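Order of writing sets the labels: A, B, C and D. Residues in every chain begin at 1.
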Amino acid sequence: MKRIWILLSVLALAAAVAPFTGPFVILLLAQILVLGIIAMSVDLLLGYTGLPSLGQAAYLGVGAYLTAILATKFGFGLGWDFWLVVLMGMAAGAATAGFFGLFAIRASGVYFLMITLALGMCVWGLAYRWNSVTGGDNGINMRGRPKFGIELANDLTFFYVVLGLFIASFFALHLLVSSPFGKSLVGIRERELRMRILGYNTWLHKYIAFVIAGGFGGLAGVLWAHLNGIVSPVDVLLPASVDALLMVVLGGPGTLVGGLIGATVVVFLREYLATMVQWWQYVLGAVYVLTILYLPGGIMGLFKGGKA
Amino acid sequence: MREVTLEVSPGERKAIIGPNGAGKTTLFNLITGVFPPSSGEIILFGKEVTRWPPHKRTALGMARTFQITSLFPKLTVLDNVLLALAGVGRAKLVMWRPLSSYEKFQNRARELLDGAGYWDRRDVQVRNLSHGEQRQIEVLLGLASDPKLLLLDEPAAGLSSGESREMAEFLKRLDPSLAILLIEHDMDVVFDVVSSISVLHFGAVVEQGSAAAIKRSERVQQIYLGTG
Amino acid sequence: MDANFWLIQTFNGVSYGALLFLLASGLTLIFGVMRIVNLSHGAYFLLGGYVAISVMRASGSWLLALPIAALAIALLGLFVERVFLRPLGFDPLRQVLLTVGFAFLFQQAALDIWGGDNLIIQPPPALSASVVVGGLHLPVYRIFMVALACAIGLALWFAMERTRIGAIVRATVDDAEMARGIGIDTSKVSMFIFALGAFLAALGGVIGGAFLGIYPGLDFEVLPVAFAVVIIGGMGSLAGAAIGSMLVGLADNFGKALFPEIAYFSLYAPMVLILAMKPTGLLGRE
Amino acid sequence: MKRIAVLIAGLAAASPGISQELKIGFLAPMTGIFAQIGKDMENGFQMYIDEQKGNFAGAKVTFIVEDEEGKPPVGVRKAEKLARQDNVHLLVGGLLASTGYAIAPVSNRVKTVYVLSIAAADDLTQRDLKQYPYIVRTSWTSSQPHHPLGKWACENGFKTVSAIAADYAFGHEVLGGFQKAFEDCGGKVIQKIWPPLGTKDFGPYIPTIKRDADAIFSLMVGPMALQFPKQLQEAGIKKPVIGGGTSYDEFVLPSMGDEVLGHVSALQYSAALDTPKNREFVRRYREKYGKVPSYYSESNYTTAQMIHEVMKQTKGKWPGPEKFIQMITQLKLDTPRGPVRFDDMRNPIQNIYIKKVEKKKLHGYDKDELWNTVIQTYPDVSQFFTYKKEEFLKQPVYSRDFPPCKHCN
């Protein structure tokens, strides 16, 4: 419980100082939160269920493309209906995961990793080449952010909306992992066969977790599209999925909060350090390698003995 | 596995013995549904369950423990038991309510852990318990689902003689209406706990009878002494 | 679309598949023995190409560059396996994640050392010509790629099936514990296989550098395709890698030629289908 | 206190370099597949700044380069960073047309001038111009050189053309421009093949090229440009090749072999241009960077010059975005590429050169090299070519499907 209060204080602090930081910092904060959502969805799979997903960008892509297509082709989702798009993005992410899960859940361990990677590449292939729908390599440029009483075009307002959705996602996932269902995932991670003998349909549990993770991936996608104002195949490419996994490993799997910490580290290095020094990628690589070698519990592992 | 016919009636305490490689654990895996049998049928409480997956058989009222301790090492004692408790019933798919808020599970877990003397140590991670203690938790997990039939795969494996005796006492204290099917090498435990015994050799049942009768059987002696 | 069209497309697909085999055989061997999905495999491919370019600049010899680049990268693989992967023990997930870290590090190092130029490995003139067979213009280089892939494939097969080292490797694949039991140093086997995998990837980089070019970002472009090959063929299986390379090479080629709108989808979707029917790939074992 | 203040004021007057600051945010790919093109872009701009010793009419130039990686979303993030974090006065650059389309909305969000010094996305200075008050283009629209090229091809005896072009906004617009002018003059485009941007193995595409075409039109970018002619030759196809500007620009030319001799392309610049201004530019550039300038370098060099010209008029004071846009579009300059002025849609009117790849010695260099010899000049070409602006703008922007391929089957 203490962890949650620390997290909430940090977020409250971020919300309080955001208006006084530079406009670029606000964008970075929003970016961290969106990536934090996708990282938490990976954590649900990797940290809690023991399924290393290397295709999470696919669901982000589905949510983002849906948002962009609705906005540019149908003018939908630019007013109050933005909230409808949020729900639709989650549903689309979950539905895609529901379909992919039929193939992926049969595998485990590194097999699962490869299969999710391959499934992610299917989505990328469509985004990249299905010109008539996705705009192919051009991607889709959006005209502006939604407006409904408040104007999301204002970065600060947008940041607060993202913050709100992040907190909602965090609490939903936090409740989930402490529920009987969530605990069953940890049991599956630790010893799947035993769970089956104890009366759990482990396939179903893993499948549901996979679908839920896809749903949060879709949510992140909706926000990602509005954050950048452009959706392009680059967002769905393998390195994007690798990034999401990396954030979780860095921050600490099986902690939820770790995803946000990982996202903070990665975004700081990539967007901030990168503008100051050329060799930032060495720093990212080294931090990452050292984490795996010496901190199996990630950065959160420094504060807490075991996981979950 | 061939031509094994085995019946356990309610409340019966039965042991399966036999030398290593006789197929005892395989038999358990068939009964619990870890592997499907190539032929034959398995009837559980009057239902034909030959092709059922394990979790459905568990729902009928069957539970088992493993020869090699098969707990959730990184979870606490309490969480281990709670997982086992939630395994039966609908609560296991609930996502909107913390597991810790289920009073019936908490109470039952307390009952089980109190009975075995572990309540004080409920927040210890299982991997930090001694081997003997882990074996007892293993049995507790089997009991958690309130089974009518409990399959115990060598509960005394790797225990010292003192610990084994403790385990035997522990088993005898269990609810008498519970049917137990026991695999065990420690004959003291076997004769102490069960009333009837089946002897398995090369995948087939070679002898069946009361504990006393099996003790006297020459055939069994031969098998164990390797003269058969 | 006459017969010539189909013939030349098949030829192109097969020759592309030959290149993929070089890349994927190393990946699948590493997986078979170590249970590691080597996500830095693309980086070894790229580095192989770069080292070859450096050697060619210094010596002017393509023939020299080929083995030197492959051996240099094999040494690099050896180093990574010994110093970083081995200490993690048998923990495939963490090892896989570690290879991602190295993929990033290698990427940056390559950029610093060789710059961002799009480089091409110019093969000797004898290989740059094309021959005319029955009205078809066949680039000699592509024929050479097919021949080389066949030679390497046969050599690997022979080494695995007919030599003592191969027997040791197979024993390790079958049951590492058992292998240790009969006195095989499985740690050495892993080291050897990882180095061999890096060697093959680098070889592919030198060969592929002639028509793919060598440039930053190539590593993460070839990696998913190599994965597709290995997944289709069955992880850990050499013969599977051979079949998978041909299938992917042909699917990619015909997909792009006939259904350009869904070209990449047509490459990855069949893989998903195969997985759905046989999760371990065509020749993979449970 | 007073004395010190006066002293500083006096110093400032004496050395105009420190009185004002002009911050320029430059976006170019520094990593990834287009890294080297990014270098060419940066070099051109940097060379002009260096020649002026970092001083634009009294304003000290701060030149901040950000890596846009050749990816539109990254370009957007870096543009936001330059505008919000570094408070630059203007954004310059962006390589790909798709990146240009992506950054234009950013210029609105951050109310900062965006000078398109390379990105050739047609619509930004055509149908979309009204939405983007802060953009101005100093280079070209994708279709601008290819309208004349289409006319040239038709007038030089080609009746049917099979086209193969990189599948993204730039490729669509280049081929679209060529097709429109070519077909309006009586030619026929009988096939369009769209390999994705970044294709290196043309194995799947080359065999699909129709044999009965008089010529092949190719539009390649970056490393694609090297591979295509080579593989075309290996496949034994000997048709004449007409190319989009980037298929044979001076960036790729030095890496090419004899397989490209005789190929024809069009652009607003050629390093082989035999004018005193260009000869001098090529000499200085080659001295500094060891290679022949590409249009990526020339365009950014000229862009820097244009910004300098505006600053001269304001005596080094930043005029604000609206005024800057207005002033820069009034310029008439003589540049290495020739005379340049702007149309009323903030796009240059300039010469378009039809060029042929030849091997020869030029500009006093003593080695045989490949050069883009100018074989015909179309003077003062606007983005609308000979078409009426109003009618031209009524048609949709060039895309995969426009103009429709009437003669494909």
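Keep this in mind: contacts are C-beta pairs under 8 Å (C-beta built on N, C-alpha and C of every residue); 3 or more make two chains touch, one makes a residue touch a chain.
The model shown is predicted, which means the values in this text are computed figures rather than measured ones.
J.: Looking at C-alpha means, what's the farthest chain from chain C?
T.: B
J.: Determine the chain that sits nearest the middle of the structure, using the mean of its CA atoms as its centre.
T.: Taking the mean of C-alpha atoms per chain, the most central one is A.
J.: Using the touch rule from the top, work out which pair, C-D or A-D, shares more C-beta pairs.
T.: Top pair by contacting C-beta pairs is C-D.
J.: With chain centres defined as C-alpha means, what is the inter-centre distance between chain A and chain D in Å?
T.: The mean C-alpha positions of chain A and chain D differ by 38 Å.
J.: From the mean C-alpha coordinate of chain B to that of chain C, what's the distance rounded to whole Å?
T.: 49
J.: Can you compute the centre-to-centre distance for chain A and chain B, using the mean CA position of each chain? Integer Å is fine.
T.: 42
J.: Can you list the residues of chain B that touch 2 or more other chains?
T.: In chain B, no residue touches two or more other chains.
J.: Residue numbers in chain D touching 2 or more other chains?
T.: Residues 167, 196 of chain D each touch two or more of the other chains.
J.: Give the residues of chain A that touch two or more other chains, as numbers and ranges in rising order.
T.: Counting only residues that touch two or more other chains, chain A contributes 128-129, 131.
J.: Show which residues of chain C lie in contact with chain A when the two form their complex.
T.: Touching chain A from chain C are residues 31, 35-37, 39, 84, 87-88, 92-94, 96-98, 100-102, 104-105, 107-108, 112, 220, 223-224, 227-228, 230-231, 235, 260-269, 271-272, 275-276, 279-280.
J.: Going by the contact rule set out above, which residues of chain A touch chain D in the complex?
T.: Within the complex, chain A contacts chain D at residues 22-25, 27, 128-129, 131, 136-139, 141-144, 153, 228-232, 234-235, 271, 274-275.
J.: Using the touch definition from the top, list the residues of chain A that touch chain B in their complex.
T.: 175-176, 178-184, 186-187, 190-191, 193-202, 205, 208, 306-308
J.: Under the definition above, what is the set of chain B residues touching chain A in their complex?
T.: Residue positions touching the partner: 32, 34, 53-55, 58-59, 63-64, 66, 70-75, 79, 82-84, 86-88, 91-100, 102, 125, 141, 144-145.
J.: Quick check on the complex: what are the chain C residues that touch chain D?
T.: Residue positions touching the partner: 1, 4-5, 8-9, 12-13, 15-16, 111, 115-118, 120, 128, 130, 132, 137, 139, 141-142, 211-213, 215-217, 221, 252-257, 260, 263.
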